[in-house]
Structure formats: C-alpha cells, structure tokens
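Note that the chains are named A, B, C and D in the order they appear, and that numbering of residues resets to 1 at the start of each chain.
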C-alpha cells in the first residue's frame, strides 16, 4: 500500500451540509471516506474506458430446462479460462438458476464474454459490473 | 451564495496521482474544482431520488411528417405549462426535428412529462437529464 | 424514409402482459411503438460506442457571477463552431443560469466539448445526452 | 412456464438492418431472442422502480488488512440473514479481496444493504446489480 496523502477542498457551506446528511443516511463514518469513494469510482470508470485490466462480475439468470444451455455456458467460460476466476451458482426456483461469473481481464474482453453469454437462448436477464483489481487503488 | 468552507481528505498517493492525470485531461484547472463536481453530482442524484424540485431537459428527435404529432407535442407542453420554462427547436434535416424542452418541477412530475412525450408515435428517440435549480448548490 | 417492414417475436405470455401494463402507464398507444423505441435506443447506444455522428445536448447550470466564465463558455462554443447548432439560455434565479448547447459531431468530439465545459470553474453541474441525427433511424 | 405468444412489430427497414448487424456481432442466434432481451430488461427495470422482490448481486473489493472490516462485513450479512442467499470470495492479491453477495428482497431493502456495506471503511469499490428472481419472466 502506498502512503496516504492529504488534500483539501473548499466548497459551499450548504452543499457540504447536504452531503453530510446524505452520507450519514448511507452509513458513512466519515466525510473523508465518502469523498474517497467518489474519487475511486471516477478512477474505476476511467479504467473501464481506457481498456485497463479490471475485474468483472457477470450476473445471469437462466432457465436450466433450455436444451444445451448449461453446456454452452460452461463452454463459454472455458473459452476464456485464463480469465474466469470463480463461478457461483444459486438455485432460484425449480426452473431458474442464477450464476455469477467473476472474470479478470481488459474491459473490452470482459465485455465481449458478457455479450456472448447474455445472447444465449434461455439466458433471461443479466448484467455486468466492472470493478477494480485493487492494484489501481493502492 | 453561502460562504465557502474547507474540508480535508486523506487518500492513497497513487489514487490521487491517477485522479490528477484524469482531471487534467478533462481540462480541470484545480483538484478542488474536480472534487466539488463529484460532490455536487452526488447531491443532485439524491435530489432526483428524493423527488425534490429539479430542472429537467428533455431532448427528443421526431419526424415532423407524422400526422398530428406537432399538435400533441404542443398540447403536452401546455398541459404542464407552469413547468415548461423554454423550448428550443432545431431542424436536423428535411424530415427530422430536434426539440429540447426545459422543465422545472419535482423529479417524478418531470419524469411523467418525459414518459408521455417519449411515448408519442413519431418521436424517434429521446432522453431526459435532470439537473439542479441552483438553489441546492448554494 | 425507407419503407416499413414487419417482424415477429415470440415471448412468454406473462412477460408480454407485464410489458403491456408498463407501456400503457407511460402512455404508449401501441405495443409496436414501444418495442420500436427499445430497438432505436439500442441502435443509438451502439452509434455512440462506434463514434458515429450523433447530436448531443449538453445541459449546464452555472453561476454567472463567476469571473470570466461567460467568455470561456462562448470561447468553448466558438472553438467548436462548426458543431454547435444552437444554444438556449434560461435565467434560473438571480445567480444561476441554465444553458443547453446542442451539438452535432462524432460522439468522441462531442464528449470532449462536454468535458471541457463541465470542467470550467463556476459550472456547477451538467449532463450530456447523445441522440440520433435522425439519419440512422430512417 | 407460461405458454409463448407471438406479437408482430413493424419498423423501418434500415433500422432493422442496423439492429440485425448489432446483434449478430454480440452473438445472438435470432432477432426474436434479442428483442425478448430488450423487453425483459425493460420489465426488470420497472420491477426495481416499483420495489418488487428482486435478486441483487453486490460486488465489493476491500482491503482485508483494514481492522475489524471482516467482522463488519459478516455482521452486515447476518443482519439481513433471511435475504442473503450466497457469498463468493476471491483473493485478488495479498491485500485485496473481492466478494459477491447475492441477496433476494425488495429493491429498496437490497439497496439499503448495499449502501451500508459500501460505506464501510476499507471497502474500496463496489457495485450493485439487480436482476429478476425468474418469477416475473415466466
């Protein structure tokens, strides 16, 4: 971990009061932590736009009665096998499964894997989030 | 305008260096201004979620050959006449018009007006943005 | 305008019933119009990602007491003068102005103009939307 | 599963051709499947807005050297124990962990859990996605 540095900002009194109320409701223990989160979010968004190495979590809901879908999902993950870190499977009901596929790679590759899986017949819904590998936030 | 106050944050050296590079590329003259923008964005998002009075700008592209569409657009705006501040019209080509409707009201009302206009036949595409009336950012 | 073609889709009865209820609440007169809107939205998002020529509407709220800000806003718009189609100005209160700048250009250029304007000191908040020039939706 | 029904839409020939190219690139085997996905996405977004029961996947990256953070993360999940379906943990590097917490509940509750976890000191970044329980897509 790199060392911490301090920086100061000046802003309007009422804006700061409103911010303090907002973050208290969300449970933040300090203003500094809340502002750090905004800065980190900005940095992660930029990493995604710059095609840096990120971690993606693709959440999909699918119908496991759909013929050949399970094989296709496994095949897709093996095709990217150097990238897929872990998969979690939850049985939602008799018919529906939820799977979270955790992937590490450049943002464009991860998006490509997600597009491929989401386009499979029987995949009902899904969403990809991209977050940091932790390296950039040292 | 309320007076300015100062607050300090501590964060990781590398994260701050990355942030400084990002905001320099966007043209920011100071780090303080960039962080203020993040705080304001957070505050405006919360105002939208809390159904506060905000200003909306609804951008729509439509086909002015569509029968009765112009009347319907005008009727919709008059229905909300206390809310609509201004409308700008741009002629995109022989067939397509762009209109920006600027509205002030509670976020739910403004969303409702936008849903109504976007659902009209002949409106090809559109998007609503919500921003501050300025009051909250004093 | 190019001619209309018909296409059919099959989907689950309950999903369609839920969709019909949703779009009725938004004011749609027909299911076909609502699905067309989803298809157009998908197409416009792809145009933005592919750096096609789009129309942008940048909404900004600023404090006109900020020294030299008005000049900077005008200079920025003149710098992109081939791109800026129109600007609308609304006086929000004694201190705050809202301006909508309508721009036509490739999505990356339009984003660049927006980043520049949003980074100016005294610009309190703003958002860019990108929509179609109409050409792609023929 | 409820039975399938068919519906037809008419749209502009060029728009449809563009859509077909887009979805082919994403890997869709049929236009019908791609349109179904747009309809389902619309339905899920509405479920989130209407505070229906949904499934959330909260992805967080945190620093496990942060004192007491692990306990706080576990405490938070136990506080919502009827809602948390599963948690996956990935060791990103010597310092950083990624955790995906899968939760089922009304969208407002799930958002509240996410806000709480994301505000903890030592949680570097995170994102919540909300998807369907499968029930609504029957």
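Annotations for the structure displayed:
Convention: a contact is a pair of C-beta atoms (placed from the backbone, for glycine too) under 8 Å apart; a residue touches a chain by one contact, two chains touch by 3 or more.
In this text the structure is predicted, and so the values were computed from the model without any measurement.
Overlaying the C-alpha trace of chain A on that of chain B calls for a turn of 180°, given as a multiple of 5. Look at the contact of chain C with chain D and you find the same residues on each copy: over half of the numbers used there are shared. Counted by residue number, the contact pairs of A-D are over half the same as those of B-C, the matching pair from B-C, A-B or C-D.
Here the CA centre of chain A is 26 Å from the CA centre of chain C.
Across the assembly, chain A contributes residues 1, 40, 137 that each touch 2 or more other chains. Chain contacts here close into one cycle, and each chain has exactly two touching partners. On the side of chain D, the complex with chain A involves touching residues 1, 23, 26-30, 33-34, 37, 40-41, 44, 55, 57, 59-61, 63, 65, 85-86, 88, 90, 92-93, 95-96, 98, 100, 102, 115-116, 118-121, 124-135, 137. Chain C makes touch with chain D in their complex at residues 1-16, 18-19, 22, 31-32, 35-36, 38-40, 42-43, 46, 136-138.
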